Amino acid sequence: MIQNIPLSYFLVISTAMFFIGIYGFLTRRNLITMLMSVELILNSVNINFVAFNKYLFPQHLQGHFFMLIVIAVAASEAAVAIAIIINIYRNFKSIDVENVDEMKF
Amino acid sequence: MNLSDFLTMRHEIVLSVLALLILIIDLNLHNRDKHRIIPISISLFFVYTLVGFLPADKSVLFGGMYQTNPLLVMMKNILNVGVLIVLLQSVTWLKQDANREKISEYFILLFSTLIGMDFMISSGDFLMFFLGLELATIPLAALAAFTHHQTKSAEAGIKLLLNSALSSGILLFGISLIYGSTGSIYFDTITQLYRNTPLQVLAYIFFFTGMAFKLSLVPFHLWTADVYEGAPINITSYLSVISKGAAAFILIILMFTVFKTIAPIYNHILYLIAILTMTVGNLFALRQKNMKRFLAFSSIAQAGFILLGILGGNTMGMTSVIYFVLVYIFSNLGAFGVVSAIAAVTNKENMDDYDGLYATNPKLSLLMMLSLFSLAGIPPVAGFFGKFFLFASAASAGYYWLVFIAVLNATISLYYYLLVVKAMFINKSETPLAYFRSDNYTRIGLVLSGVGIFILGFWSQIYEIINSLSYGILP
Amino acid sequence: MNILNLFIIIPMLTVGGILLTKDLKQSRLVSAIGMGFQLILSFVLVYLYLKERHAGNTAAMLFTYDVLWFPSLNIHYALGVDGISVAMIALTGIVVFAGIFASWKMELLPREFFISLIILASGVFGFFISLDLFTMFLFYELAVIPMYLLIGIWGSGPKEYSAMKLTLMLMAGSAMLLVGLLGIYFFSSPDPHALTFNLLEISKIHIPIGMQRFLFPFTFIGFGILGALFPFHTWSPDGHASAPTAVSMLHAGVLMKLGGYGAFRVAIFLMPEAAHEQAWIFLILTAISVVYGAFSAIVQTDLKYINAYSSVSHCGLVLFAVLMMNQTAMNGAIVQMISHGLMTALFFALIGMIYGRTHTRLINEMGGLMKVIPFLGVVYVIAGLASLGLPGFSGFVAEMIIFVGSFQHTDVFHRVITIIAASSIVITAVYILRVVGTLLLGPIKNDHFLHLEDAKWYERISTITLVIAITAIGTAPYWLTDMINFSLVPIVQKLSSIQLTSLN
Amino acid sequence: MDYTYTLFIPLIPFFVFLVLGLMGHKMPPIVAGLIGTLGLGLSTVLSYFTAINYFWTSHVPETAYASIKGFEVPWLHLTEKLTIHLGVLIDPISVMMLVVITTVSLMVHIYSIGYMKGDPGFYRFFSFLSLFSFSMLGLVLATNIFQMYIFWELVGVSSFLLIGFYYEKPSAVAASKKAFIVTRFADLGFLIGILMLSFNTGTFDFQTLTDPHGPAIAQAGGVAFMGMSVLTWSLIFIFVGGAGKSAMFPFHIWLPDAMEGPTPVSALIHAATMVVAGVYLVARLFPVFALGAPDALHVVAWIGGFSSIFAAMIACTQTDIKRVLAYSTMSQIGYMMLALGVSGYGGEEGLGFMASNFHLFTHAMFKALLFLGAGAVIHAVHSNEIGDMGNLRKYLPITHMTFLIACLTIAGIPPFSGFFSKDEILAAAFRDNKMLFAIEYIVAGLTAFYMFRLYYGIFWGKKTHYHHTPHEAPKVMTIPLLILAFGSVFAGFLPFHNLVTSDGKGFESHIDWMIAIPSVLIGVVGIAIATVMYKSETAIPDKMAQSFKHLYKWAHRKFYMDEVYLFVTRKIIFRYISTPIAWFDRHIVDGTMNGIAGIIQYTAYSIKGLQSGKLQQYAFVFVSGTVILVLIFVYLV
């Protein structure tokens, strides 16, 4: 069953997710949404790892492990990010990224 | 895995223990005694730094995920010394009322990032590398946002975190492609399997941009200035010195091992980015009035010089990069130390506030001047030697024009460093900063960096030790 | 203990001594003693050097001292002197000594002033005794940087601008120089593990001609900027005009000589083929310097500007002669360095003293000073006459050696350009006499000047030291030129052997 | 005969100079004056001793006078071949010059004790005089051309110091500057000439250079540039130096102004000694000129001839007595140059050479006498202007007598010495070039005319009214006048043709009456015209001036040479060379440097928008950077 889906499908999906994530990161104004875009990027990476592992190098489990670690790191990253975003909200009364430009030039 | 294996990991293990220990002590301390953590942590860290200097052998753990050898140990030691100075310099700031309750957090977070860097340096595969990288970055974001009542601090935190998340996403994507094209995440295996296929080149670029972000190379540097300005000053010096130094270490290691086959191609890129980084960093630094922002841009320019050593591609290149980072740590910490000492007491960090500083605080001014001269590469202080060897390594690879541009940039950088010197020594001020005595920690920190600035250059032994451990791209 | 080390150690000790002092009186005393020692030491060195030569020692460098510093790069702390550097060291000793006395009344931050001054001096001393290009470069930069503070803090007029300009231009020069030095280093040996910075060893090696073509301009211009090579000389008028007296003295007197000395010791000596090929470009530039500087000096009204442009002209002559690349002209170049060093130091000392009295440096506002300050007036005239090349003073000797030497080339280009450069002696006379005429002679223009005091004892020491040196060289040049000649022989041999091989 | 002692002839004045220069201000003036005079007296004695010794005592009759190096030390080693020596060269012309210089200098020293009495710079004056004497003696004793150049410059500077002696007077300062710079310019020519000559011959030494079979003359052939050989060119350049010092056209403009100096100085430097240095230089190198480069000698002759008539014409119109004498000096030196220029080498051919030196000798005597006399007059009436004088013969009898003798001498009236020397010159010119002879013939008449115009203007005329009665100068001033008058009268009888000749061998010479009588006649005519016009105040001079209005005006304004020079220096050098160069330096060269700094600053400000503070923009730049890197790699791979 899974053999019927070629590797390239997964890669197309993951690449699309990667760029959607970047697009979202560049365009969404809300800090939380931006954080979600980052998660998209990380997930695209996860898909890559798993797909490569499954299709190309099934003898090892390196890709899978990597995926697990990335998920864990993403979670902790999100935790810290949300904490800071709360802090931002306290200070700026907003979580619009446009407002966070006190320091420039 | 036996006891001796733990000994080879002593940096990471001891540091983790330290962090936990501080946490425990903190839990048992009454609120008004929190400041006692400071001497305890610093003395513990000092002991740890000394322990780090114990001789170490080459060994590999966890099936190749973790590796260590004298060179890596030395890199960690260099970072440790830097961190020690940072800790000493941050005491005055930590003792402020606003930070009183968060003292242990400061140490724990700082040590965590250091553990991350140590792991990153010692990593034998991309997994460990990634873990170390994130461990080094995420607590830093928390540290940058340390003063949570300040908007700037929060802004710095979010800018650092989101940017680093993006960059590590891209970096990870690159790693996934490397994995896909070689089937391994182990450095040794990848080194043998790298064939410069287009996919691998693409993967390399993604990976490189992630590193360039850490090292704040142009055009991946834009977060630097804002974060440096917004973060508490000692975090800024940590970011600019330790974090950047670790990134430089790991970058040169990976460039010289994993990606060495791609060197003929990436050298063109490095050439370009080196010029861009030096020039843009300098151009931005030229007109800065805020000392932190000023030093931020100057440290961007300094990162450009590091690329010269990588471009050199030989033993001399690696030696000069490590040596330069060492010198840079001391010089930059000298400058940041003065800025932080002044800011901690007077809360002033603008260049105009430094007018006439020499009249009131001659020692601070002198140290500042020496540090700036060292950053600019003026003899007899160590910066001269650091820059000279970097240039020499680039010249050894035949990049004479690059060296010329780099030295011209050093001249431009001298201009803005002299602006500070001018403010302190030449400008007259109606209201100069009053004379003050820093506390003993700060003074030790400042003296350490001052002594380092002087000794590192003349004491060739240091350079020779580094040189004996370094290696180049070519077998 | 090697005597040459003392040239670094004594300034260090002096700096240490000044740190212990409290006020102007103590710090100037310590400086004067320290630099007095240094002066005596310079002459002891001259004596020992001559003695050694008489004893038949024909090594290229004497009193060599060599410590391996950075083994992996083969960087040494290598010292050694030949007749040329001995002469330059004596010059430096004299000028620094005179400079200390010229700043006897430095009220503002005296300790810092003397420390900076002595660091500057030790950089210069170190440069002249270095055999290793790395240490040479280190000392070179060490000498340049205190300049910023010295001009910036103790200067006058647009001092910050001038200090910055001077420092940055000189640093840009050292940027070029660094490229040149690194290039030389990496081609200093065919064996990549035997690279060296040692001057003497590199001189035995033939640097590939393609590389020489690339590196020579870098090295030469790098040194040339410090030697006020047109069009990179503009730091000099502003810098000198703003600098305090002793700094102008040291800077024009010895620091600018680093340029000429280096151009000759490093650029030409190590890369003779490229030097031969490209000499014509730089000859034209230096000839322009010579004439152009002199013409510019004619219309200036600020004493220091006049002297600064005159320095451009005279230092241009140094580089000009160096580029002629024959023994006589090079000898002349070195004598000219010494001569100009002494003269210009004397000039700047006098300008400082006059300025201290009249509080103006514009010649139009002064006049008839000879009557009120005869001592300074007479010494000024002597300096002027020396500068315009009057026999009996060092300037004449130097210029004549240069012109005769330069004229020994058989081709028309070199000889015509020699004549062009020689024409500067007339222009020099014009501006020197203009100054003397306006400043010292004629009626007194300002009644305030009627009560000026003549030179104090320390001012007399400063000026008389220099005058004695100038006349000593001017009346008995034989020993000096002989000393230099002896050391020039190997250099010229190398140059001429290259000429022969390139002809074949 | 050992001539080492001649070393002391220049050295004694030098030591006197040092003593007076360093310690003079502490001495009473009279002591300073005496030290100076005594020092020079010693030199004079030594010089006379040398002259007698050389010319007569130790000379073997019927042989050529040898050229002897009394003393020589190497001073500066230049190349393998070229070394500058300092030494003493004894030969007929140098010995003759020794006599001339020491005699006149001694007279001037003595005279100055009276003339400078009471001047605050008394010691300074004497120290400068000693310096000058040293330099001039060193110049004539030079063994090689470079030594000559060295002392040449020293002479120039002592002249500068003495002209500007009254340094508080702006005109004196200006004059001294002018003198120095103009001669310096000419010296550049001298230097270039030396460079060329020494390069081609490989020697500085006079003996080698002037050896008829030596390298200089042997290598004379070959055309180098504009149809003349290198040797010719180098000699022309050297002659430029000589012309500068000797105030030949067009370098003469400094000489009249130099009269700003004290009158004894004018007598010594600007009449008798320094200004003839050019003549001496050509005479010194005469064999090279005559045998190696006759073309250069033609230049010398024509410059000399032109200068003499040019100066004579100007002299006729000047009213400042010292200026008249100055132009007269220039005219007479023109004579000497011309004589050298028309001379050949050896024996009778060298008549011009002998005549030139002869005239140099006699001219020194009578011109010094004229100047000193003029000094006495100025001392008496405190003015230089001829209009302020008149009828002084009653008040200044000795001065009057000696002045008259000098005038007769310069006018070439027998049996005064000027007659003999001038006659030889005319004879030499007649033999060689009729055109030049004609010029000189006219000049002889003009000389007599303007000298007597001067004479009558001072000592005759109507004016008798003075603020305070003029009185004769003290003895210390008149005795030198008498001595010099004695010299002027009898110097003509010296057998110069046996002593100072081009090749050292004597030859037979006698007065050619075919030339002498017309020349005396024209002199007499000149005197007569002057007598008619100026003996008593008449309207004739004004009428003459009216009828030759333009010529008079041009001559009176010195043919506008000063204006030409002013134009060249003020307008061209200052305004059109130096000022633009200084401007160029400040605005273009320096402007470029500042401009670079400015551009960097400007760039720094204009790119600041890159750092906008917007997180997403940073990310955008980040991503774009990555994309660009990818594109570059695509291009590279």
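Things worth noting here:
Note that the chains take the letters A, B, C and D in the order they are written out, and that residue 1 is the start of every chain.
Assume contacts are C-beta pairs under 8 Å (C-beta built on N, C-alpha and C of every residue); 3 or more make two chains touch, one makes a residue touch a chain.
Quick caveat: nothing in here was measured; it's all calculated off a predicted structure.
Chains touching both subunit A and subunit B: D.
Core chain by CA centroid proximity to the global CA centroid: C. Set against the Cα centre of subunit B, the chain with the most distant centre is D.
Computed from the mean C-alpha positions, the centre of subunit B lies at a distance of 77 Å from the centre of subunit D.
As a whole-number value, the distance joining the C-alpha centres of subunit B and subunit C reads 42 Å. Distance from the subunit A centre to the subunit C centre is 65 Å, each centre being the mean of its Cα atoms. Our note on geometry: subunit C versus subunit D, Cα centroid distance of 37 Å, whole angstroms.
The multi-chain contact residues of subunit A, meaning those touching 2 or more other chains, are 22, 25, 34, 100-104. Each of the following residues of subunit C touches two or more other chains: 168. For subunit D, the set of residues touching two or more other chains reads 608, 611, 613, 615, 619, 623. Going by the touch rule set out above, the chain pairs that meet are A-B, A-D, B-C, B-D, C-D.
By the touch criterion stated above, subunit B contacts subunit A in their complex at residues 126-127, 130-131, 134, 138-139, 141-142, 145, 148-152, 154-159, 161-162, 165-166, 169-170, 172-173, 175-177, 179-180, 183-185, 225-226, 229-230, 293.
Considering their complex, residues 608-609, 611-616, 619-620, 623 of subunit D touch subunit A.
Residues of subunit C touching subunit B in their complex: 69-73, 75, 134, 137-139, 141-142, 145, 148-149, 152-153, 159-160, 164, 167-168, 171-172, 174-176, 178-179, 182-183, 185-186, 214, 218. Interface of subunit A with subunit D (complex): residues 22, 25-27, 34, 97-98, 100-105. By the touch criterion given at the top, residues 18, 21-22, 25, 31, 34-35, 38, 41-42, 44-45, 48-49, 52-53, 56-57, 60, 62-63, 65-66, 69-70, 73, 76-77, 80-81, 83-85, 87-88, 90-92, 100-104 of subunit A touch subunit B in their complex.
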